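First the structure, which I've put down as structure tokens, then a few questions once you've had a look.
For reference, chains read A, B, C and D in written order, and residue numbers begin at 1 within each chain.
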Amino acid sequence: MIATLMFYLLGAVALGATVMAIIQRNPVYSVIYLVKSIFSLALIFYLLGAPMIAALQIIVYAGAIMVLFLFVIMMLEVTPTNAATRTAPGWFHWGPVLLLALTLVALTLMLIGLDPVSSEGVPRWHASPRDFGYTLFKEYALAVKIISFQLSFAAVGAFHVGMTERRRARQEDAS
Amino acid sequence: MDILLILILLLPLAGGVINACFGSRMPQPVPVFIACGAVIGSFLACLGSLTLAAGDGYRLVLFTWLKSGNFQADIGLLYDPLAAIMTLMVTGVASLIHLYAAGYMEDEPDQVRFFALLNLFVFAMLTIVLADNLLLLFLGWEGVGFCSYGLIGFWYRKTENADAGRKAFIVTRIGDLFFAVALLWLFALFGTISIEGINAQVSGLEVTTVTMISLLLLFGACGKSAQVPLMSWLADAMAGPTPVSALIHAATMVTAGVYLLCRMFPLVSLSSTAMAAIALVGIVTALYAATCALAQNEIKRVLAYSTMSQVGYMFLAVGLGSVSAAMFHLLTHAFFKALLFMTAGCLINLAGHENDIRRMGGMRQRSPLVFWLFLAGLLCLAGAPLTSGFFSKDLILATAFAHGDPFHLGLYGLGVMVAGLTSFYCFRLAYLVFAGDFRGDELPHEPSALMLWPLYPLAILGLTAGLLNLPHLFSGGSWLSGWLGRTQDVLHLSISIEYLLIGTAIAVFVLGWLLAALRYRKYSERQPSLVGEFLLNGWRVDDLFDLLLVRPFKKIGRFCSQGVEAGLIEGVLNGAARGCTDLGMRLRGLADGKVSAYLQGLVWGFVLIVGWFLLRALV
Amino acid sequence: MIVPMEHLLILATLLFALGLGCVLVRRNLIMILIGVEIMINSAGLVLVGASAFWQQVDGQIMVLILMAITAAEVAIGLALVVYLHQQKKSIDVGIFDEMRG
Amino acid sequence: MTAIMATDFPLLSLLLFTPLAGALMCLVIGAANGTNARWVALITAGIVFVLSLVLCLLQTPAAGWLLYEDYSWIENFGIRYTLGLDGLSSVLILLTAFLQVLAVLVSWRQNHAPAIFFALLLILETAAIGVLLALDLILFYLFWELMLIPMFFLIGVWGYKRRFYAAVKFFLFTLIGSLCLLLAVISLYLLHGEQTGVYTFALEALKQTELSGTQELIFFLCFMAAFVVKVPLFPFHSWLPDAHAEGPAAGSVDLAGLLLKTGVYGMIRFAFPLFPVAAQKTMPILAVLALVGLFYAAWVAFQQIDIKRIVAYSSISHMGFVILGLAAWNQTAWEGSVLLMVNHAVTTAGLFAVVAMIEQRTGTRALDQLGGMWKSHPNMSAFFLLFCMASLGLPGLANFAGEILILIGVFTVKPLWAIIAVVGILFSAVYTLRLVQGTLWGSSCEPHDKQDLVPREWLVLIPLAVLVVLLGCYPQPVLELLREPVSSLLMSGGLP
């Protein structure tokens, strides 16, 4: 009973954080709000019986990706101190987004209405990290390898794109 | 016997083609010999085969020209008395004119083209005369039109000559249209276009169709013979060399219309309204031309208008129902008018290529011989007693009088008046040209002997041709009516009326002479009066036609080419093309590189589709 | 029974809509990337919910893979943002419109 | 359909593909130097001419096909490679071959990529002969489209200033028309398949399909869409003057001589027999359009300055006459139409040849700058006068024979049409005489090339002149050839 209550509470927090993240003019604040929303999601994951994922969510997602964001924001100094950036978009822009949200919700309701999932909802279930690791490296061993390749490609790509103008120019006339 | 008949037609054609194709390659005199030889040969062939034409004539079919479905037109010759007389006249006068032209055109560089066209003209004229079916006659009909176009516009360097040629060609072609429609109608009615075939079955038709067809034939004849509605081209046709005027606009082409009506007489004579129309057209033209001739200044234009009025007389004769009177006047007119034109050519040379009679005068001293020849022609034209003109014109007037009813008596009265006018302008011409002293300033250019020799036979024929159809008053046998097999044309009037008619004719002739003598004995420079101006321009008919036909034609033409062609059709096409390109440009605006715009498009699309399904599901 | 599946799905949809809205509306490249992150998170939520609902671990493994991919994606995305920033000295989306028709 | 000539040697295919072979030869040999490409083209054209002459002489006036070839081509669609030669096709093929020889001679001086130029001319000839022989609708459509491409390049590459505009306009006009044709052919094929189970494109078979009134009308209009654009009937004619004015001389000779004829041939061979009832219903409209076109083209020609455009509009006017003949739907009128088509091709080819020569000598085609050509070029002017006189329908020359037959045929059916058409002849005289006046008579313009006629030009003009006079004075051989095919087409078309 408490779990359901916790779920709704955390859902609300997540939603609020995301909304705040979106409408912030300063990207740093929005990243912080995003981290808050990720934490609440991690807790929901935990509620839903996925402790491993919850932990990973916090470590990988909040820890790595958001930090990267902050790093880039700081590097590019896009903070709204320079007056050029326009004021936060007014009602004119968010109107259609609301309409979009409504349509999406209506769509999901309709889909749910079409073939209703069994009424009793998400059971109380708990997947221990052991089973998680076991299936991960048993059935999805190949997937793990591919993901690792993919991550290394991403690293190389990021490095190449990230090279500054000067070094690339020097490299071209060298080769 | 067939060979002679074919030769009549073939020789001029051969002469024309040889001259046209190889004339310029042959040494100077050879083309002239070929041309004259061809026509004289044709004349002899005609003489040779004259006996064939006795009775109801001789038929000869060479080959089928066009055969499709039940339409059959073949190259066939019909050599009956009417055709024989006409061929004799055409080839005779043509050979004399060829001899004259040999002299007249001596120093002309383009001689070969002239003689080629002259020969082709004679060939086309003979095709009209000898054709046994209407299509072949139509071929000759248009061939004559083309040759006159070429010959009138012979000195093409000056555009007005070429324009005169074109005007003649187009106006005669308007006439040809009516003739073509008549031809089509006759074929549709009888299934055949042979002249005799039609004349045989003609009685079966009801009167209105006959009237319509005869009127069409009349208008066709008017085009070619320069009668009232389509006569404006003849005066301008004087732009051509004098032998051309002599041959085409005196003897042969203008009489083609009369010949057509005589050929189709059995058909035409069925409807009295058509006959009245022909007579009316004839007399109106005669009157119109005679008045115009009064005020002309150029010697050839006077003769041209006089030709128009004499042909009007012939139409009158046909309208009165007397083919032999028409043919009699046609023959006599051919002789003395050819004579007049040729002597006029000599006079022009004598006056140093001066056309205007106001600047000529006293030509009698320059060349008495030409004076006497010209006078002989003038006397015949004016209708001096005992000359051929007198007899043929008197026969026509007598036929008009013989009908007796008021309409024909009116025609007779007008005819007498026109005769008076004719003698007036004849002697006006004589006094202006011969009396007094020479007013021009050019040196005389002596006409060569070759130009003078052909004139003598014509003068003699002109004076004595009356014997051909002497009325019984003068103990004549009306030979021509008998020869044409139309004895019903011979008039049987009481002696007193005969003398009365002859008396009036002589009185009118003398009256005309006296008036002309009074007016023009001593030449005095007179300001052309308003009426004179009006008559000079042929009652301003040209401007009328220009206003009624030429200008609207050009306007519609401009409307068609600018308005419809450039505006509508090109407009529609270019408009469509421009519309596509504009649409393309606008669509291009959509892909303007703004990422957010693309995303918006994506989302809106998504929302619309999902919304549509939601609505359908909900509703 | 913690929560009916529908509510979970609705929550995920709302999150997704917010992410999409952020991507559409914001003109700052980084904010667009953040929008994308939000959308991916909502996907992760659904995956976890489903694995809990069907009581199978595969859903969670999917989330792990999803996270890996997101990491790669963000790495490349931010590298590009840095590169674009060097090019045009600004990261407003409207400026980069050379790819037009 | 018994083949009189029981030879199994594919004579028709030989006739069809010789020009194509010649074209390839032209390309191969011409690549080296252009001059002997001309000779190859001339020899090929000569061979084709002799071949078609032989076929014409063998033509016995008995009904049915002189030669018939029928091979299966694409079985599963029932498309067969059938060629048939009867009187009508042999006359038109002889005309095509004759004009092709002249086209090669007229463009002898072509020095801008001559090899390709002559190759395209020969491909055009193959396509035209193909159209005239094919009896299978798809084969017919294939050659119909093939005609477009060489003509497009001939106008587009070797033309004058606005050549590209003219070429594209020509291409689009005919393409839209022929797409409707393709649509109709396929739907007819399917309909026939449903009704009889036999899926074939053979012309004879497709004649048997029963069609409801509206269906037949729609099919007929689709077929006519392609042919009417090609003939240029009145509203669809605006491509022709541009194509002629901007196209090269040989292009014009071919365009006037070949392409216009295939339009009318298509009508007689395919449109009328396949849909006789619908055809007869639309005849009055066709006749009215033809008459309007007759006068309209004459009036517009009267206003033109460029002499090539005047000749182009004159051919629109004459083709209007031909269509009027077809609309009368009886033996005399149809024979007159085909005869006028042949005569018109010869006369217009002559006119275009001389116009090209005039332009070569004076460098201009504007009527107001020309004049007095007779003084400087008597022989050329004589030929020009002859062709102009033939074009305005002087009896005894080419066009008159055709025109008088049409008038007679039309008068028996509808006197009013004939009377209006006769007035049309006067109009053609008016603008042709204006053309003659502007170029031959009058004060002389100073042509920069005083050379009268070069032997090569004599070689072009003499056969044309002889033919013009011959077809005018004695067209019987042509009419004999046409009698049987036309009457059989009329019979199958169902006399009114």
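The criterion applied here is as follows: a contact is a pair of C-beta atoms (placed from the backbone, for glycine too) under 8 Å apart; a residue touches a chain by one contact, two chains touch by 3 or more.
Only a predicted model underlies this, so the values are computations on that prediction, with no experimental measurement involved.
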Mutual neighbours - chains that touch chain A and chain B alike: C
Contact-richer chain pair [B-D vs A-C]: A-C
Identity of the chain that, by mean CA position, is farthest from chain D: A
CA centroid of chain A to CA centroid of chain D, Å: 75
Approximate Å spacing (C-alpha centroids) for the pair chain B, chain D: 38
Between chain D and chain C, distance of the C-alpha-averaged centres to the nearest whole Å: 70
Distance between chain centroids, defined by C-alpha means - chain A, chain C (Å): 6
Of all residues in chain C, the ones touching two or more other chains: 20, 24, 27
Touching two or more other chains - residues of chain B: 600, 603
Junction residues of chain D, two or more chains touched: none
Pairwise touch network: line, ring, star, complete, or other: other
Chain C residues within the chain A interface of the complex: 1-11, 13-22, 24-28, 30-31, 33-35, 37-38, 41, 44-45, 48-49, 51-53, 55, 57-61, 63-65, 67-76, 78-83, 85-86, 90-91
Interfacial residue positions of chain D with respect to chain B in the complex: 169, 235, 238, 296, 299-300, 302-304, 330-332, 335-336, 372, 374-375, 378, 382, 389, 394-396, 400-401, 404-405, 407-409, 411-412, 415, 418-419, 422-423, 425-426, 429-430, 433, 437, 440-444, 473-476, 479, 483
Chain D partner contacts - residues on chain B that touch it in the complex: 20, 24, 63-71, 135, 138-139, 141-143, 146, 153, 156-157, 159, 161-163, 166, 169-170, 173-174, 177, 180-181, 184-185, 187-188, 553-554, 556-558, 560-562, 564-565, 569-570, 573
Chain A residues touching chain B - in the complex, by the definition given at the top: 96, 99-100, 103-104, 106-107, 110
Contacting residues of chain C [partner chain B, same complex]: 20, 23-24, 27, 93-94, 96-101
